[in-house]
Amino acid sequence: MTDHSSRPRPFLSDNAAPVHPRVWEAMRNADLADSPYDGDALSAQLDERFSDLFGRECAGLWVATGTAANCLALATMVQPHGGVVCHEEAHIEVDEGGAPGFFLHGAKLVLCGDAHGGEGGKLTPEQVAARIDPIRDDVHQVQPHAIAITQASEYGRVYRPGELERLADFAKVRGLGLHMDGARFANAAAFLGGSATQAAGAAARGVDSLAFGCIKNGAMSAEAIVLFDPEQADLVKYRRKRAGHLQCKGRYLAAQVLAMLDADLWLENARHANVAAQEIASGCGERLMHPVEANELFVTMSANEREALRAQDFAFYDWGADAARFVTAWDTRENDARALGKAIAAL
Amino acid sequence: MTDHSSRPRPFLSDNAAPVHPRVWEAMRNADLADSPYDGDALSAQLDERFSDLFGRECAGLWVATGTAANCLALATMVQPHGGVVCHEEAHIEVDEGGAPGFFLHGAKLVLCGDAHGGEGGKLTPEQVAARIDPIRDDVHQVQPHAIAITQASEYGRVYRPGELERLADFAKVRGLGLHMDGARFANAAAFLGGSATQAAGAAARGVDSLAFGCIKNGAMSAEAIVLFDPEQADLVKYRRKRAGHLQCKGRYLAAQVLAMLDADLWLENARHANVAAQEIASGCGERLMHPVEANELFVTMSANEREALRAQDFAFYDWGADAARFVTAWDTRENDARALGKAIAAL
Amino acid sequence: MTDHSSRPRPFLSDNAAPVHPRVWEAMRNADLADSPYDGDALSAQLDERFSDLFGRECAGLWVATGTAANCLALATMVQPHGGVVCHEEAHIEVDEGGAPGFFLHGAKLVLCGDAHGGEGGKLTPEQVAARIDPIRDDVHQVQPHAIAITQASEYGRVYRPGELERLADFAKVRGLGLHMDGARFANAAAFLGGSATQAAGAAARGVDSLAFGCIKNGAMSAEAIVLFDPEQADLVKYRRKRAGHLQCKGRYLAAQVLAMLDADLWLENARHANVAAQEIASGCGERLMHPVEANELFVTMSANEREALRAQDFAFYDWGADAARFVTAWDTRENDARALGKAIAAL
Amino acid sequence: MTDHSSRPRPFLSDNAAPVHPRVWEAMRNADLADSPYDGDALSAQLDERFSDLFGRECAGLWVATGTAANCLALATMVQPHGGVVCHEEAHIEVDEGGAPGFFLHGAKLVLCGDAHGGEGGKLTPEQVAARIDPIRDDVHQVQPHAIAITQASEYGRVYRPGELERLADFAKVRGLGLHMDGARFANAAAFLGGSATQAAGAAARGVDSLAFGCIKNGAMSAEAIVLFDPEQADLVKYRRKRAGHLQCKGRYLAAQVLAMLDADLWLENARHANVAAQEIASGCGERLMHPVEANELFVTMSANEREALRAQDFAFYDWGADAARFVTAWDTRENDARALGKAIAAL
């Protein structure tokens, strides 16, 4: 018998998982006030901690949501009259309520689909070039100022170091910034063997900025913006304040981020979720719409089949009319994942 | 001997105070996921709880900062080509890093000084009229769409119910919205005998929206936006998402707000701070620049005198060249407040 | 022999045609100053003149470009957090340099393609519904506030009165505004027999606003914004000023618009251009990619064939790799149009 | 007897004056189309013509209003989170309907008054420093990115070359851009002996951008943006398009600007207006509130006195309760100016 009792076995999303005990502990330890905003001793550690993690100088700033993290980072690269090239299913396009248009003052998202290369929500230089070359230097068309990619992608796919290098080289040649939405960066890094640098690209051939996700991975309300050009930190600080995102008790956000970095909790949690995803994947066979590289599964499944799973207390989202999406998290119970894999195999 | 040991006796600001134990407890109890964003059972209680508190139907929404609360509320009243009348020392003008210009898309703050009435950062209808009548219906000048006031004001002054009614009547006649920045609303309400309604104005003759402050009063990262026209809640929800302020684990913010409302913790904490402020005031005599009605004191004091207080481990901000500002909080120790009052009296 | 001498026979665009003599005359007659901005006697006539033209009360305002006309009109319907549904090849999406994002403060263009109905750049209610129903009331997705259509469309197609009524009814039911980009409204009206009302939809079942194009049709620098809810005029006036579009010598723009309306010059010019387009169309046969209803022709044509035409001094744009676009104007010489038709037939 | 007959003798503003005959002629000569937008042969001359005028390389772009010219130029210097230091009576603050907030996406105007130096609407480095030093590097306060000055000032005062050098040096040291609103630049240059360079500051010690006013000086609808860093032209071109200010028949605007430059029409017209202003000034004596250096006069005058002048058919604006403003233009009749001077002297 599985150990679930009354509550459903949750595979809806990692974004509603509880806060990890070590994060709670770190927050409680931040209770004693020293300085408001980001003037506290914890916030002051972020630059160094992320520089250590990535092996090159960078700036680290907390912010409460991934949406804000992505948009504030993009603001270092994109002027209001410019554009951001992204996949047509990128989170910033389909799931952030128009936030890029707000933070970037009307800048436009210039969309690439899977048509010209790339797969599973990933972009390639060829695909980007095919989209932007025809509008080059045309004053009647919004010109791109940056490229935004997602690691792991919206379909749970992971950019390999070589792919990142090619994108970074392309961006440099074209004078574009390169931003990475890392809401599930930890899962990607875990898939790549645990190297933060490999997941973001090495110095000079990596991304310019990263939204380092913590919330889906065990934090409560803190993501980190990592800027590989630390001189941009100042701009982000002014923009963060201006967006109402400079919390006066910022030390509680810094504490969350630091707790994630301490003893590699970020990797430990992500590995757990990835393993659980593989458990489920092992039961999916040909149903898998995308290789499972992180903690999301997109699985072909009829309405009847989905109903059958839900009758067994599995909670998840439909993905269109003929598929389902399952997401694992740091707190996914092994039993639940195994049971789900078996239940799918038995459909 | 006073009981302070190593750390300074803090009167810098209430915005860095620790989180109240009952808030911590409520947050921990929110750990069990139900739904992400604001779909959870705690967030769902806010409308009713605030409707009970104010005795009329209203909507309540959490957001992480007072800056965001003010700006999102103002967005219900002010179009991008409009303006917000406020005092020239209003927080939204001098301390929010241009956030109103961002959230309101370039709308202008139309400033009133103390010259034409009002005092201690408060506005009167006469003062507002003197400022806006000369530009009325002039297409070359930004027209006001709303008035924003602060309760308690930036100088710790409290609007009386009658003053609010006059302002509300004036705003209605002029077709202007009326917003209240209530970062220290609790302290104002405590001063007025504990009535939320008296502090915000009664139905039909009160404010249209309120940023109900919790953070300075014992919460960690949650303020409430209270909309007395609940139909505006929809607009604020879309704008909150778009501003990166819709946290996916919103239940932790709802928990904070609810903890403040439970058993009137918001009033209990504010009363504590107000009492401490009176303790200090009792030692200030003629030095007081403004009557002490909430938890802030502005005290005439030479540089030497300030140095003398700091030598006794009191921490506070200078206020210009010839004064000091002291702020009490929910956690101010009575001994510290009493000691400060005596120390000032002894200068 | 054709009558062209040194200069090419121009079919590039109607947007570079010279100013019509009657427009020049009207401008010169406006030289005598009375009042600056839009306080002059000519600007004052626009409301009445357009109300007469459309047979219902409306407001008319001049502005210097179609881009500004479209965006200012849309600003009456679309809040910054909203969206505008339009065809994926609409001028506001592909040819205005991001102006809607600027004027609407980051509002999003929500794109429909030809896939679900409509043709030649036209939209149908079914197509719009298919695009927006899946995102309805989802706070993570930008919600539409308006629909924008183009009359004649970007492919020279004309909405029939019945089509407009269905769109207007749909918009009303969904609570959406309905705006018409009428850069070539005159050509559409001419096609529909000369009725402005039929081209914009009758009262209560027509569009809410119209960018009434004059510049492509013989004016120099004036388009008209027609608002069928005259109460919106005030908002547009403030926005026009704020966008730097309130010219201090506005009488010269009013004069242009009035000259277009006088003795139906707008229709006379458009008819001329439409007739010329039919002359060309008569030589195109199967090559026509779209029925020719206004003054634009999209014609299948190889690179060699285009070269052959250019060798005969015809100037026009390529349309992708395998087609050409020809545009006629108020000043197109009949001989040139006839010669072009024959030349295409002879390819 | 004076020669005025029915119409009033106009001293309201130079902004409603008729178009100069040489400007009309140039526009008519531009009728023959070559290329749309700014691809025509006339627009192509602007860079060179302004480089010749200022003796250093610069870019020149037409735009339809001074408001747009100022705002587009400022956009090269000011990011959305920044500010523009200007005089509290600067045109961009009091007379442009919030346009800077729109074009600069919520950037803030940081106001200086006459209190700390400067006079008649002019700014000094000391005054700017006194305003911005107290907020330096404070993330809670909008930081300035540029200084904007007006030449001639809103009170008709002219910056001398040495004053401009000091401001330019100060701006450079502080890392601020320096923009000049030159709505009446020609009048200032005429006052300074006719040197454009002296009126804008010499290379390396002059302004970074200039709104070169033509409309108040005899043009119809064209101002020029002059960028002393020509690399910024690209940004302005994209922003101009995005603001709906890229007119498709731009050659008519280029023609106006070129007509103003040909044979120094800009100076000839400004000299005429300045001479007329001196005629009036000669009758004002102690009534003058500011020295008359350009074409505006601010004259102390009671309501009765103003009524007396109006009874003599002089048209002008009140300036507050106790003064009047008179403005001369390129078409002011000498007789009218002389008559006005005498009439004032006779009050």
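Some notes on this structure:
Each chain gets a letter, A, B, C and D, in the order it is written, and its residues are counted from 1.
We take it that a residue touches a chain if its C-beta (ideal position, glycine included) is under 8 Å from a C-beta of that chain, and two chains touch if they have at least 3 such contacts.
Quantities reported herein were computed from a predicted structural model and do not represent experimental measurements.
If you take chain C and chain D together, the chains in touch with both are A, B. Centroid distances from chain D, each centroid being the mean of CA atoms, peak for A. In this structure, the chain pairs A-D and B-D differ in their number of contacting C-beta pairs, and the larger number is found at B-D.
The mean-CA centres of chain B and chain D are about 43 angstrom from one another, to the nearest whole unit.
Distance from the chain A centre to the chain B centre is 35 Å, each centre being the mean of its Cα atoms.
Chain geometry summary: the mean Cα position of chain A and that of chain D are 50 Å apart. With touch defined as above, residues shared between interfaces to two or more other chains in chain A number as follows: 80-81, 96-98, 101-102, 105-106, 139-140, 238, 241-242, 246. On chain D, the positions that touch chain A within their shared complex are 37, 79-81, 105-106, 139-140, 143, 235, 237-239, 241-242, 246. Every residue of chain C that touches chain A in the complex is listed here, in rising order: 80-81, 83, 94-98, 101-102, 104-108, 139-142. Interface residues of chain C, counted against chain D in their complex, comprise 7, 10, 12-13, 15-19, 24, 28, 31-36, 63-65, 67-69, 71, 96-99, 101-103, 215-216, 220-221, 238, 241-249, 252-253.
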